[in-house]
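Some structures to go through are shown next.
Next come two complexes, and both contain chain A; in the first it sits with chain B, in the second with chain C.
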Partner chain A sequence: MSYYKMSEEDLRQWVDHLLSKVTVYGVQAKGDRFAFNALNDSSSLRLDYDVTILPPKKYFLPPKETLLSYKGQKYDSVVDEKPFVLFGVHPYDLAAIRQMDKIFSSDNNDIHYMTRRNNATIVALDVQTPSAHNFSGNMNTAVIEGEYDILLTKVDSSYVVDVRTGKGKELIKGMSGLVTAEMALVDSRHKVWEENKSRLRAYPLKPSLSEIPGLLDKSREHPVWAEKAELCFSCGSCVMVCPTCYCFDVQDEAEWDLSSGKRIRSWDGCMLERFALVAGGHNFRKTKEERYRHRYYRKGKYVAEKVGEISCVGCGRCVSACVPGIANPCEVYNRLKED
Partner chain B sequence: MDARTMKDIYLPEPATLLEVKPFTEMETYYRIKLDSGRPLGHKPGQFAEISLAGIGEAPISISSSPVKTDHFEMVIRNVGNLTRALRTLKDGDRVGIRGPFGTSFPVNDVMKGKDLLYICGGMGLVPMRSVIQYTLDHRDDYGEITICYGTKSPSERLFTDELENWGKRKDIAFLETVDRGDDSWKGNVGVITKLMPGISIDPHKTVALVCGPPIMYKFVLLELRKMEMSNENIYMSLERHMKCGVGKCGHCQINGLYACQDGPVFKYSEIADVKEAI
Partner chain C sequence: MSKPRVAIFDFACCEGCQLQIVNMEEEIIDLLSVVTPVEWREAISDQSTEYDIAIIEGSITRPEDEERLKTIRDRAKVLIALGACATIGGVNKLKNNFGMDDVKSSVYGEARDMPHLSTYPTKAADEIVKVDYKVHGCPIDNREFAYIVKCIATGKEPVIPYYPVCVECKEKENVCRFEYGEICLGPITRAGCDARCPSNGAWCFGCRGFVDDPNMNAGREILEKYGKTVEDLMHRIVLFNTGRKEE
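Up next, the complex of A and B:
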């Protein structure tokens, strides 16, 4: 473990240095919001962003990706092995990546996700500007220990660069004039962390995290599901912006010669009407209420049991994406706790 | 783990259709062999993903007993893009296969030495045939065998030669019904649960195996309860869209269970409290 001190100017020079060697995805402004994009140079990089429209999950599980190519009836795996740097990932998004890593590596290893993941170097960044809907403080994900290769924390006007892994060392290698951070500065990160833990709570959460699976167990018939779902458009916005949603669809796309083509994986979502439809027309979750409830049970129980933590990291993206305003997990969990 | 040494769980292996035979207006029979010569290695009740490049992939029950290792069989109903395209294929055409996947009927432990009561509705005979054949291939390992089969109409009956053979056998009881008969039909008329009150079983030494359309299960379960069958001794194969087959895509989820990994064969006592199951 080593700690360096950089000014924002130093950081940008470092990013430009990296860009001469490798693809770097970082956060840029997009209208009045923010998005992860491939950087051309460091000038557009934003380190003060509040939240990105889509989570950085898109670099490991892209909205649309080629799994296989085929010629005739012969298939070949298509695996994206290009190394890249993901620069400026907030702790709650890292917590989500930690969960996705478990999903795609456990049981049946997913070569497509895992290859991208293994070839990625992650530079994490502690939150500087809270977003209006962020409740990661409630979810224990406002601050993260590990999972990153390098962590950047802004303390006053300088950054502490915490190099944690071999991959992280590789990334910083070759930078001239590196200044080791004094221990007092390194320690002062605790103030930032404590502050983030308490201020990243846009909404109160009444039950404790360990209480949530049990609450769900006894709340299947709770009126909140029907009340919220009645307003649902089944548009899937909540699942499309979610960093811990990973349901997918697979379709073939033929080339014009009709003898070759690709098998494509794309994001799908359990809130969409046709998600549980089978051939012949039977839909196993045909009502909005069933789908709405299923999503909550997946986050708070089913997936939670697989990954060992609640499958919601409190990024608040669903809250801002939901047009009828029914997607706030805190509101739902509070209702279950109150009744 | 080094990704390069990992196997791609989504990669189908090439296979050849040894025989394609229309069964009914809607269903087609396929006899399939993996080009590698490797036996599929399935257990009775499991499924595999069948691919036609450019059209897509779908989960289909394996309909033959694992006792036959040089090929396996599927019967596919023409209900979508892929299955419509599959119906146009001829002997010798190629497809892709992934699998086998999922749980199977407990032929080697729970079922052994027991009387077996099979309840098959419509296409439910397709997966059930793999276990029926297996138990008939190992007839001495099991007690009395009763097979109930119901279809909507006589024209929808599958494996008609085999049904005739089952009807003739003295060592099994074979009961059949159709929802609506026609001029040629001389047998029972009515839904499958109408067959059940006439069957006499010892609930303590019987294992019931159920597969049919989603609507069928709750009515069959009511009859089995009347027969004093315990939930522990009822096994059922459930239908969902097992799109990926490997517990990732989410489509086949039944509450917290994945039909592709935890199923499709479930012991009823394990899903009696799972609200989305039946």
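Up next, the complex of A and C:
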């Protein structure tokens, strides 16, 4: 573990140095919002962003990817082995990656996800500008300890560069004029963290995190499900933008010779009408209400029991993506707590 | 099926969807390795009454069209509706918002009563005959057309998106038009176009038709949230989806 001190200018020089060696995905403006995209030079990198439209999950589980190509009965797996750097990941998104890693490495180790994940170096960044809907302070994900290769924290006008892993060291290697951060500066990050924990709370959350699974257990018949689902378009926006959602669908696409082709995996989501349609035409979550309810059970109970934490990191993306405004997990869990 | 014979027929439309097929360029050769065209006014001069697959482009706007379509249906094993005009009636349905006499007067003026200018409220192909496959959109996406042809050739059921455009719009990482105070029909429109319009800075006007179970009540209620009126919404819906399930 080592700590360096950089000015914003040093930091951009470092990024330009990285760009000469490896693909770097960093946050850039997209209209008046932000998105992770391949960086060409450090000047377009935004470290003051509030939230990206899609989470960095797209680099591990792309919206569409080829799993294998086939010809007749023969097939070859397609695995993307290119190393890359994800630059500027906020703590809540990193917490989501930690959950996804557990899911994709357990049971059936997913080589497509895990190869990309193992080839990625993650430079995390403490939040500088809170987004209007972020409630990660409620979810214990406003600040993260570990999981990153490097963590950047802006304290006053300089950055503390916390190099945590061998991969992190590799990134910083060859940089001339590195200045070690004095302990006082390193410690002053606590002020930033305490502040983020309290200000990243756009919505109050009444039940404690450990209370949520139990609350859900006794709320199957609660009126809130039907009330909210009444306005639901089953449009899937809330799950498409979510950093902890990982449902997918797999389809084959044939070439014109009709015997060769590709097997494509693409994002799917439990809010979509036919998501739970199985062979024989039975849909085990036919109604909007069942699907709407399922999303909260999944986040607050099913996946929570699997990964050991609530499967919502409070990024607030679902809140802004839902056109009728019914997807806010805090609102729903608060209702369950109230009555 | 051994290399099925295909015939393409046009009804009321701009023929833009056939043009999309022509635009497949070198892939046309691949297409011809899978099917044999026997009638296609835009590309070949032959005419035929024997075919396995009939492709219908355009909407039905006159009583005589209806008879022609039924005859085609009787002859074909498989019938494909090509493009919004055929799948949902398309822009041609706009006229159904007015009286037919007014429509004829405004289009043909003095000549409106000539017998060959008869017209009646526009219908989509499936309002008259059974349609086996629909290639949605105005115009169609030729990759989707190619995919459906390959599925038919291999006897596989094509998987056409049933969910709303928002899914693909999110995959494209677009900012939602509603966040800019615009009405977008994405939440009630069938996906499959890769959210073509929102990805180019416009709202979706519904050319692929509604999803199976569009939530119209929610549509009305959210207008209030965004300071819009039901008229604002209806103005957008009539363009492609006049008379289709908006209660």
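Criterion: the second predicted complex is superposed on the first by the 338 of 339 C-alpha atoms of A that agree within 3 Å, B and C clash if a C-alpha of one lies under 4 Å from a C-alpha of the other, contacts with A are read in each partner's own complex, and residues count from 1 in each chain.
Everything below uses one rule, namely that contacts are C-beta pairs under 8 Å (C-beta built on N, C-alpha and C of every residue); 3 or more make two chains touch, one makes a residue touch a chain.
Fair warning: this is a prediction, and the values are worked out from it, not measured in the lab.
Student: Which partner does A:I53 contact after superposing on A: first (chain B), second (chain C), both, neither?
Tutor: In the superposed model, A:I53 contacts chain C only, not chain B.
Student: Could you say whether A:Y297 touches chain B, chain C, both of them, or neither, answering first, second, both or neither?
Tutor: The answer is first: A:Y297 touches chain B but not chain C.
Student: Under the stated touch criterion, which partner chain does A:L68 make contact with: chain B (first), chain C (second), both, or neither?
Tutor: first
Student: First (chain B), second (chain C), both or neither: which does A:C235 touch?
Tutor: A:C235: touches chain C, not chain B.
Student: Applying the document's definition of touch, where does A:G314 land relative to chain B and chain C: first, second, both, or neither?
Tutor: After superposition on chain A, A:G314 lies in contact with neither partner.
Student: Quick check for you: in the superposed arrangement, does A:L258 touch first (chain B), second (chain C), both or neither?
Tutor: Both partners, chain B and chain C.
Student: Looking only at chain A, is it chain B or chain C that touches more of its residues?
Tutor: Of chain B and chain C, the partner in contact with more residues of chain A is B.
Student: Determine where on chain A the residues touched by chain B overlap those touched by chain C, and list them.
Tutor: Common interface on chain A, chain B vs chain C: 251, 254, 258.
Student: Please give the residue numbers of chain A that touch chain B in the complex, ascending.
Tutor: 67-68, 70, 72-77, 79, 81, 103-105, 107-112, 114-115, 118, 220, 246-252, 254, 258-259, 261, 263, 265, 268, 270, 275-280, 282, 284-285, 290, 294, 297-298, 301-302, 305
Student: Spell out the part of chain B that touches chain A in their complex, as residue ranges.
Tutor: 1-4, 6-12, 14, 51-58, 77, 79-80, 83, 94-96, 213-214, 239-241, 243-244, 246-251, 253-256, 261, 275-276
Student: Show me the residue ranges of chain C that touch chain A in the complex, using the header's touch definition.
Tutor: 27, 30-31, 33-34, 146-147, 150, 153-154, 159, 162-164, 166-167, 169-171, 173-176, 178-179, 186-188, 211-215, 217-218, 221-222, 225
Student: Under the stated contact criterion, what part of chain A meets chain C in this complex?
Tutor: Against chain C, the touching part of chain A is residues 30-33, 35, 53-54, 58, 63-64, 230-237, 240-241, 251, 253-254, 256, 258, 266-267, 269, 272-274, 288, 320-321, 323-325.
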